[in-house]
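Structure first, then comments.
The first chain written gets the first letter, and so on, giving A, B, C, D and E; residue counts start at 1 in each chain.
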Amino acid sequence: QTIGASIARFDDNFLTVMRNGMVEYADGLDGVELQVEDATDDVAKQLDQINNFIASGVDAIIVNAVDTSATQAMTAAAEAAGIPLVYVNRQPINVDDLPDNQAFVASNEIESGTLAAFEACKMARAEGLAGGASAYILMGQLSNQAAVQRTKDVDDVIGMDMCNFISIIDRQTANWSRDEAQDLMTNWMSSGEPFDIVFANNDEMAIGAIQAMKANGMSMDDVIVVGVDATQDALVAMQAGDLDATVFQDAFGQGEGSVDAALALARGEDVDQKVYIPFQLVTPANLDEYIDRN
Amino acid sequence: MAQQSDGIGGLKYDKSKKAWPNEFNIFIALILIVAIFEALGQILPYMNGQSFLFDTQDRFDTIFNEARLRIIILQVAIIGIISLGVTQVIISGGIDLSSGPLVAATAMIVMSFAQTELVNGNPNPKAVFGPWAFDLPIIVPIIVGLAFGAMIGAINGTFIAFTRIPPFIATLGMFLICRGIAQWWTRGQPVSFPTEAYAWIGSGMMPVIWFILLAILCHVLLRYTVYGKHTYAIGSNEDAARMSGINVKRHKVLVYMIASMLAAFAAIVLSSKNLTAQSGMGLFYELFAIAMAVIGGISLTGGRGSIIGTVLGAMVFGVIQSGFTYVKLDAYFQLMAMGAIIIGAVVLDQWRQQRAASRS
Amino acid sequence: MAQQSDGIGGLKYDKSKKAWPNEFNIFIALILIVAIFEALGQILPYMNGQSFLFDTQDRFDTIFNEARLRIIILQVAIIGIISLGVTQVIISGGIDLSSGPLVAATAMIVMSFAQTELVNGNPNPKAVFGPWAFDLPIIVPIIVGLAFGAMIGAINGTFIAFTRIPPFIATLGMFLICRGIAQWWTRGQPVSFPTEAYAWIGSGMMPVIWFILLAILCHVLLRYTVYGKHTYAIGSNEDAARMSGINVKRHKVLVYMIASMLAAFAAIVLSSKNLTAQSGMGLFYELFAIAMAVIGGISLTGGRGSIIGTVLGAMVFGVIQSGFTYVKLDAYFQLMAMGAIIIGAVVLDQWRQQRAASRS
Amino acid sequence: MGDIILETRDLTKHYGGVHALEGADFILRKGEHVAIMGDNGAGKSTFVRQITGVEQRTRGEVIFDGHPVHFDGPLDARKAGIEAVFQTLALADHLDVPDNLFLGREKTFMNWLGPFRFLDYKGMRQDTLDALQKTGVKIPNIRNTIQNMSGGQRQCVAIARTASFHSKLTIMDEPTAALGVQETAQVENIIRTLKEQGEPLILISHNMRQVMDLVDRIVVFRRGRIVANLNRDETDGQDVVAYITGAKTQPEYDVEGVT
Amino acid sequence: MGDIILETRDLTKHYGGVHALEGADFILRKGEHVAIMGDNGAGKSTFVRQITGVEQRTRGEVIFDGHPVHFDGPLDARKAGIEAVFQTLALADHLDVPDNLFLGREKTFMNWLGPFRFLDYKGMRQDTLDALQKTGVKIPNIRNTIQNMSGGQRQCVAIARTASFHSKLTIMDEPTAALGVQETAQVENIIRTLKEQGEPLILISHNMRQVMDLVDRIVVFRRGRIVANLNRDETDGQDVVAYITGAKTQPEYDVEGVT
């Protein structure tokens, strides 16, 4: 059986882990051939890739949507060709009216930003900052949904009574990149304004901020830095006491789950149309459970 | 055309040795690439003798794999439309880097004017404006989009023509500005759920139809009208064009406006096809639009090139992309192979041109 | 230099009217931009009278906000190094689009040879090769990186010089190839945890030191050596250069090799600064490197430009980036403002040049 | 006054420190043919560029057909009725001969289409053949691009372009420099025809025989200044050369500092 | 044989359907100065381009200094000892006069640096002034870029470049076309000096007086073919013009189909 998969972006660390999960799992199965394409963060290209899969006559398609609001056209294309489709990792906008031979295996993006931001809020309280704390937000690519959502999560958390002692000094984009986050953090620090918390939309940017702060001679005990993804590098940074919290999502498991679902649909079997995979908060306390998982 | 009349002073001219059009080279390259994929299908063991272009599984009425033929053109139709405008800009001696982000900005704006009121019976969750903007006639978003494109093109052209800054810089600046507009419009939120009428514009094979119609139009413009002649003249020698009494400044503004309007139209088709607009759309479209034109034989120093070439250049991209999926090439190698093929196609073209030039 | 001796045939030449160097214009633009930010700090109410360049909080020994001065240069040092090479390519009449992906590919490869054995006392989880590649002397990754850069540059140059394909296409192809290599090397996995020696290369202000040293070197090369003269000559009129007996092909290969080696070195500094290499690194670096050179007064048609200009062009970018953070401009507007400033700086430059040319 | 077609007063052009043209007072009457001579770099082409608006002058006045003019570019000058063959020829390298000949004033139809009106290729080709015939040039295929033409063929195209259209004033900057013996003779015939039709002409040339044959008056430039204004009938080749080389200067032009 | 410096046999060049040069058999002896004349588009420049390797010939042989040669480009030709002034001049517009004069053979020091050896700006400037002096041209500032020079100034730079270096054969394609009276005289002096030094020369020119003054022999091209080979002493201007225009053709060159 042939499965075609279109992944939003190969350059993304988290999605790479998920992709590897899919590939390794498919390699282990007999007679299953998995073809993975890179949609390079381009909605239109993703739709074209699906059409190419259809032209090649694959048995099932897995989509990691670039833009979850662009899933209608993909659903329609696959439905017209009668080929099963599985959405993975990102919840499609038309999740409630997927046709029978389509399904999704994903997490609810709202959780990730909220978990991290709320943990930062609790830590700040614990450190006695409840009288007032200031923070920076490092945003991912502004055109990316996860970035928009995770930033909004932070806003929602500090809008809660319990956390409204936190004020945001500034929010800027570092495009998911460690390098840009380093430069941005250094720029912020050059203004001399004191701050207590750094919210980063992903771990890479959190690490960049940490590197910049260290280069500037700041002690990492004085700032709370949180990210999302629980990448290897982030967990190592947490081991070293630099990163305070991140959020784990079972990338490998999602990859495997999506392949299973696709195979089942291709065989015409019934599957759960919605499989939610929860996010999990990672702090130094439970770090050891996750160190080898992503 | 009478043959004798093209020489003057009684010089002999051997008509039989007429150089063939450059477009022919790229056409050969295209055939070659198709043949290679077809052959790979036979050679590679894991392909099980599947055919690239032909219908080996009896899925279609004709002998061709119609799904393949359709997707080959469909997937390049939109960048192809952009490329038609880029072709004109390059022939005039300029370059347009702003088309990719312009697509994103236009799509965002246009989609806001193409919202439907009810989605599956529920109120539209993505509406950008108030209820007044629901279910507007399809002409409204189209006019808004083309007007926006015309405006951006006019700004590009005005800066380039009147302040004489390099087109690369003017349009790179516009690149950033348009990306900014696209993100700012809804603060990065995608806009979905267009009206049915709007969804029709990019549905099915409509993008291909638009591409073909616009290609014919642009071809006529460039080859048979004063507009086209002046575009070539300016790209060939701007000073000469000026000294010959062409209003170079006004003409440049016009060229950039047309290019940007084509990009804006591409944005309309794209957002309609995908049923969504997203601020990250159109990434690298400007590069691929330029690459299509160059593969089609355009000269980046201006004065040479044709729409036919650009259309063939677009087809090359379409075939490559489909072919890669067909032979199940690893995504990493796809990038590398695409790079190699782009270089190879142009090398072939150059090589034939040089041979043609030195032919006895 | 004796003044009389520059004329021949007894013609009068009024030395006092000597046109000032083009670099001066961009320097003025730089000052202007700094002044605007400084003024905004005073005007905008939420800025509380903070200063852009000066130390209003007595944090430093001098009157300057030294942290700001450092980051202004630090954040452009790496693209600046790439831009030094791009400058030479453009002067020679070419263009190099491959530098961004080349940075990514080189960083991935180099980092694999710079792995440390133990991370926080645990075994390195990211090692690409076996134990033999742990804790290699720092010279190994550097040589591997420069050799890789030289190879890519040689391929670019060879295609451009010998098959005469447009540099835009050759390097666009290489763009895709390098991006492919970067992703394929570890199937997209980032590579982190370099040795301490390697981490030193890009630590603290080291990137700035490299940038300055290389800028001086390139300036000397371009202005005072045969290499530089031939680079300008080829860019000015390739046919003339060939007819004058310059080995144009060999020279082009050399220029692209130097440019790619500079980009490869930038990749080394970047990965060391970030302590990681990722396949998505260097996104848009090629565009920004070109933009720096153009803001610095280079002509994209070749034959004109200078390293001093490029360095000033890089500074403009540094000031803009820092300035935006300083005035807390919304991210959406940052893009738009950056676009506007790039256009504005070059308009200013053009305007001054034209005034200088028509000065009485 | 009414018979003066072109007058310049104190026309001056400096390029940075290079004083290419300095205080040129020049008069051309209707129907008159005047030659401008002078060493290389004397400022002859610069003079033409100021009149036709290719460059903006440093100071001075240009009065054309009774009105002070300040052309923004050659487009304006041509609209006002000045046709010029520039020394750099101003041809579009990638276009063919008819395209170049009609550049900027194409024959068209369906003119209501504005800038998108259609080209009348056939009509232009025929007219091109006629116009080129007059210059005596030989061209194997006028559909070849200009970049593939020999030096003389290019020059003939530029001349044909100017000669094909009526104008109030024609300026030719070294039109026969690259021409062969036959073609030169033909172009000189074209100039004689202009004379007969009463169209005024400014001819820049280094060819003494040609100048003596064709024009009414000779103006000599030296180091950016006019140094002599000679009637053809009252002078001879040797005399003109003396002015060109600086052996002589007419008293009325003898400004201090000019040697 | 030993006294022949250049010989071409059946040298032919077609551009697509344009037969620009057809079966040219040409001989140049050591120390001899030969002029090539012919109408515009007769194939003179094409002939030069085939010899110097600027283009690759369609067929035929070139024998230089006793050896058949097939230059890949002008670089090769120059290395073999052929210096040429091309009709298109081949100057780098954005460089100044000394840079252009020494392009490809700069004076340098620290030569062990290979391609990165240092330029001797001072030495080159001095030599430039000396070389230009010989052409008699006036240039206000040699540090100005070539694009700012007048037509004649550019041509003088190209000539000075060729004349400054010794060679086995010098080829000049219409070297005085854009030059003034004085400069032309100077360049003719340069050519006479070459003659005295015994350096052979091929001179393309449309100027009959010049040709008659300077050369030993005249070869006439017409429509891509050689139609006459005349000793200067046995011919006169009228005779040459007759060959150029096609009124006469030497019997040994009378091929069927050429009129």
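The criterion applied here is as follows: contacts are C-beta pairs under 8 Å (C-beta built on N, C-alpha and C of every residue); 3 or more make two chains touch, one makes a residue touch a chain.
None of the values given here were measured: they were computed from a predicted structure.
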Q.
Strictly by the touch rule at the top, which chains does subunit A share as contacts with subunit B?
A. C
Q. By CA centroid distance, what chain is farthest from subunit D?
A. A
Q) So which chain is farthest from subunit B, going by the mean of the CA atoms in each chain? A) E
Q.
Centroid from C-alpha atoms only, then distance subunit B to subunit C, rounded to Å. What do you get?
A. 30
Q: Find the geometric centre of each of subunit D and subunit E from their Cα atoms only, then give the gap between the two centres in Å, rounded to an integer.
A: 28
Q: Averaging only over C-alpha atoms, locate the centres of subunit B and subunit D and give their separation in whole Å.
A: 44
Q. What residues in subunit E touch two or more of the other chains?
A. 15, 17-19, 41, 88, 137-141, 223
Q: Please list all residues of subunit B that touch 2 or more other chains.
A: 9-13, 183, 187, 330-332, 334-335
Q.
Please output the residue numbers of subunit A that touch at least 2 other chains, ranges allowed.
A. 10, 38, 142
Q | In the complex, subunit B residues that touch subunit A | A | 46, 50, 57, 59, 65, 67-68, 70-71, 74-75, 78, 104, 120, 126, 182-183, 187-192, 270, 273-276, 278-284, 321-322, 325-326, 328, 330-332, 334-335
Q. In their complex, what parts of subunit B are in touch with subunit D?
A. 5-13, 221, 224-227, 229-230, 232-233, 235-237, 239-247, 251, 254, 303-304
Q. Which of the residues in subunit E end up touching subunit D in this complex?
A. 15, 17-19, 37-42, 45-46, 87-88, 137-141, 144, 148-153, 155-156, 174, 177-184, 206, 208, 223, 241, 244-245
Q | Residues on subunit D engaged by subunit B in the complex (per definition of touch) | A | 54, 73-75, 78-79, 84, 86, 88-95, 99-100, 103-106, 108, 113, 115-119, 125-126, 129, 132-133, 136-143, 161
Q. What residues on subunit B touch subunit C, complex-wise?
A. 97, 159, 163-166, 168-170, 172-177, 179-181, 183-184, 187, 287, 290-291, 294-295, 299-301, 330-340, 342-343, 346-347, 350-351, 354
